[in-house]
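Please see the structure below; I have some questions.
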């Protein structure tokens, strides 16, 4: 018996990746996928990579969520829409939300960063934050998972072992860069090809909505009291996030000491790969891996963290969480080999 | 005394290039540049490459064109808008139109390919087709110039010597490829960076609006009776057109015979460079050059033609034509060195 | 019991793709992979996408091929090296050669196009040409398969239905474009990033080594007597081949007639997808699909064919052939979903 | 009377840019350009962008430098070669060296970072560091100029006003990113197109050779005592450097206070443009501009600095320095408009 899963919001890049992964997941059957603007159209007409691989068609979001008889519902909707869907979801139907709607337990922080009222804080309280590697046990028992943001994933996986072991002192600077798919499937000025292909620039200084999410989770991982300076930049590639994290350790540490700490922390985490030197987004693209490397000089420590923003930073991690929530091996359907080149 | 020039439609890529070229043209003063949606804004706020180089501001298209006291007016408006402007232009003001509105003398062909009624065929009759290298003398005396399309420029410069000398027999196949700036400055699905950067595809088979333009001009250059198969494709670069032209000569010809023919035909054409082997869009980008190469095998002849779609394919050729219309050296303001890389 | 396969030449891009595909192939165990210059190194040190996914190490090509007890040997060596390996391979060990060494049955054509003597024409006679879709039955029974070239694959799949049904008259022009991975994993002037990223140019006019391969196979598919004009170009993407094929049909044909012909010809060919309008390399990248589209105007017919040069154009087709040679489902291990974007 | 200038090392990208700029410089005549491996070849055969624009041919480095009767000599040689040339240069011939050979006054630092012995420290003492904006007066009177490194230029222009005014406290983190042309014109693994086009990674952590250069000059600009954490990364574009500089001010400062400080410091510096928000490498490519932007939050200050690595980061600044050394307007030949897109 396969799980019956639904995807609300299947036309964006998050939905595209969920479809790509779940179509090949041996324990899953996709029961429905919605996209209001494409309702009635073949999925493979929008995601032409899937042509020949699925007969699925997009539907509208149905009125009666009970009647769908789903086991698991993925929400890959624009920010704000899950706020309206979640209160209508039957209690027995597990939900994984890829948006930012239910990540923050601080209503004020949500409203400041997302610029909208939060109308479902009661439901929010049931959500478990879905950073698999730091929150595995809670996710196993969760009915509701708030899947992390892409920048938050790269940053948190880079910092968690240090914070959990109380290694840090002083402010932490995160210089983060993302590919253009992070801006979504809808054309816009900042993703216009003639501009973007020769472009690199910073945006949203100090104010990115992933900042409160990162700080909230660092406090949950350990005793986080440092100042966080977080800066996002745009890269002229389609996929990938690279975070360069500048920290200071309480005492001088060698790279091999740091590596040992990470090895210990991530010993059961297949998808975190500790690399020599710097990772490269080229080696994680289309995969669920987070590659982490280091450089240390006395108390100065630099951590490099690289993911595919749409996989480990979104749909891949969502499937990883689904696997845990239903008692499957965390890696099921996620052994993706990437490619060279 | 400098020429007073105006640019109508200064916010698109054609306008951007006109500004780039005319700001440094020693015989020209830009008297006004319009962009309705940006009226009042500094030009350098939209074209941030020009920040620090000009104090110009965008205006709306003025009611009274006479009062502007212009010597030359460039129209870089979306297709269809010049149809409305041109009839209002004072007789003494020279006009260079970069759109397709006045290129075709066959009203039916215009209406079929541009999908709109032609409301100014009387004015059209005054326009000289602005392919400088084939039409130089007529341009010198022209009051109205219809600047060629980008694909038409690359194709016509590749074919003109052969047609003028009646070398061809049989159908001609043109496989043409363009960079993303050819789609304009407005974001759209086909120029969305995450898609475009790994993309190559064909579009508008048999029906591209440059086809009647090319055929019209080939008939003017020589005795053109061949069938033309013309196919456009999209390249994942910002700038550049590359046309591969497959022809058959009446008799077997060596590459050096062909080269001699072109050398003769283009002996006074500084901007046509005959190269060894294949040209590369990399070597003409941001310049007004058209690089042409050949390969021949008996009666089979392949001509390669490469331009920058925004320079020789639009604004550069427009300035070249302005130079001729006002008695300047054709090269004035157009000695652009490109760059390596 | 899994098949024991070996890969000779595992460090190039062909080898990289074989590893990516065979590591996840459920009926296969990779017994060894060679790379003389990396002997002793972990495979995942060279193909860093595979880090964490395999413990394989590169070895040298062993002296005693018998002792390996392999079922299937893939040769992904530089052109010319398979000539020396194949005569040493035990009769019972099936071989799939990805190079050009054994594709041509005409020794003179081989020597002209590859610039070397053919020292194993006797062995060549045993090779079956591995274009799966046109040669399926022969491949099923083959001990030796010469895997097609990437350009040849795209071109032949585009032309086969027309030639098999004797639809064509007159010369055929193929304008083919390839991504930079087609030049291999070794850095060279034409793949130097600062140049290549803004580049498009033609190369090897009339003389590409895939020409005799294409002509040989067209003669085997049907009654091919047309002249072939074949031109290769370089695209600024990593992966993908796009062939625009210009043909003339004996009689005027509509697109739907052409489509019906192709549907019939490829009705059992999962990996050939007939698309509306033009295919796009973006939708086949990292997959084994060949996407084909058409445009027709009276007797003029244009066929568009798009593949990933390293998958359907190399390693994917090799695995497809292995599947047939060992009685597996042709699709086994090859249901690759590509990605969007 | 034009200046007679020579270029030693004209085949690399630094030489390519010098040629591009000096060919159009109205006060300059290029008397010779060397490239040992291309001696005898036309410059335009190597730098095909210059085809039709110059008849210059590459020569070998001549024995007798006196006989050349040059006014100014540019050295654009690989690191280490200027060490051998400079001692042979006649005293009256002005030299601008684009390499790192003469930038550091600390012999130990040079030898540690460049991995070679410094054999001309006596000559080094005569060199003025050529960061035009901070060193203008000294450059005017200099006979020998050590042109800054590309990363150093972007970083120093970003930090100079703060250091000169003693605004900073605590460590400074510089996260710097460069395009692929920074690795030179010679193909290498890290600039192999199939890898690089989807790549982003860090390299040379803590040890980049521009670190001592930056620290040396910051000490000359003001009272620099902070710790510098400097990290270099590779971008998948051809041109551009973007430095994100994380600093802390002694007291909380608003963005407008910071902007006023920079406006004052750079009031006579045409090539430094203070932008709103973030600069973008897209807007400085092929120009001599350095675009600087800011974000401030209490004592946290982030400075963004963007240049073209080959122009303001190399050849453009060299010409700017030449202009000063010979009493010309600093901007002469350097009003480059960039392009959009």
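Order of writing sets the chain letters: A, B, C and D. Residues in each chain are counted from 1.
Note that a residue touches a chain if its C-beta (ideal position, glycine included) is under 8 Å from a C-beta of that chain, and two chains touch if they have at least 3 such contacts.
Here the structure is a predicted model, which is why all the values come from computation and not from measurement.
Trainee: More contacting C-beta pairs: B-C or B-D?
Mentor: B-C
Trainee: Could you work out which chain's C-alpha centre is the most distant one from the centre of chain D?
Mentor: Looking at centroid distances, C is the chain farthest away.
Trainee: Which whole number of Å gives the spacing of the CA centres of chain A and chain B?
Mentor: Each chain's C-alpha centroid was found; their separation is 46 Å.
Trainee: Would you kindly tell me how far, in whole Å, the mean C-alpha position of chain C lies from that of chain B?
Mentor: Averaging C-alpha atoms per chain gives centres 39 Å apart.
Trainee: So, what's the distance in Å between the C-alpha centres of chain D and chain B?
Mentor: The computed centroid separation for chain B versus chain D comes out at 36 Å.
Trainee: Touching two or more other chains, which residues of chain A qualify?
Mentor: Residue numbers touching two or more other chains: 13, 181, 185, 194, 197-198, 236-239, 280, 341.
Trainee: Which residues of chain B touch chain A in their complex?
Mentor: Spelled out, the residues of chain B in touch with chain A are 13, 179-181, 185-189, 191-194, 196-198, 236-239.
Trainee: Give the list of chain B residues in touch with chain D in this complex.
Mentor: My answer: residues 13, 16-17, 20, 23-24, 47-53, 181, 185, 238-239, 270, 273, 275, 280, 283-284, 286-287, 289, 291, 335, 337-341.
Trainee: Tell me, which parts of chain C touch chain B in their complex?
Mentor: Residue list for chain C touching chain B: 171, 173, 175, 177, 194-195, 197-203, 205-206, 227, 229, 231, 233, 235-240, 242, 244, 246, 248, 277-282, 285, 293, 295, 297, 300, 302, 304, 306, 341.
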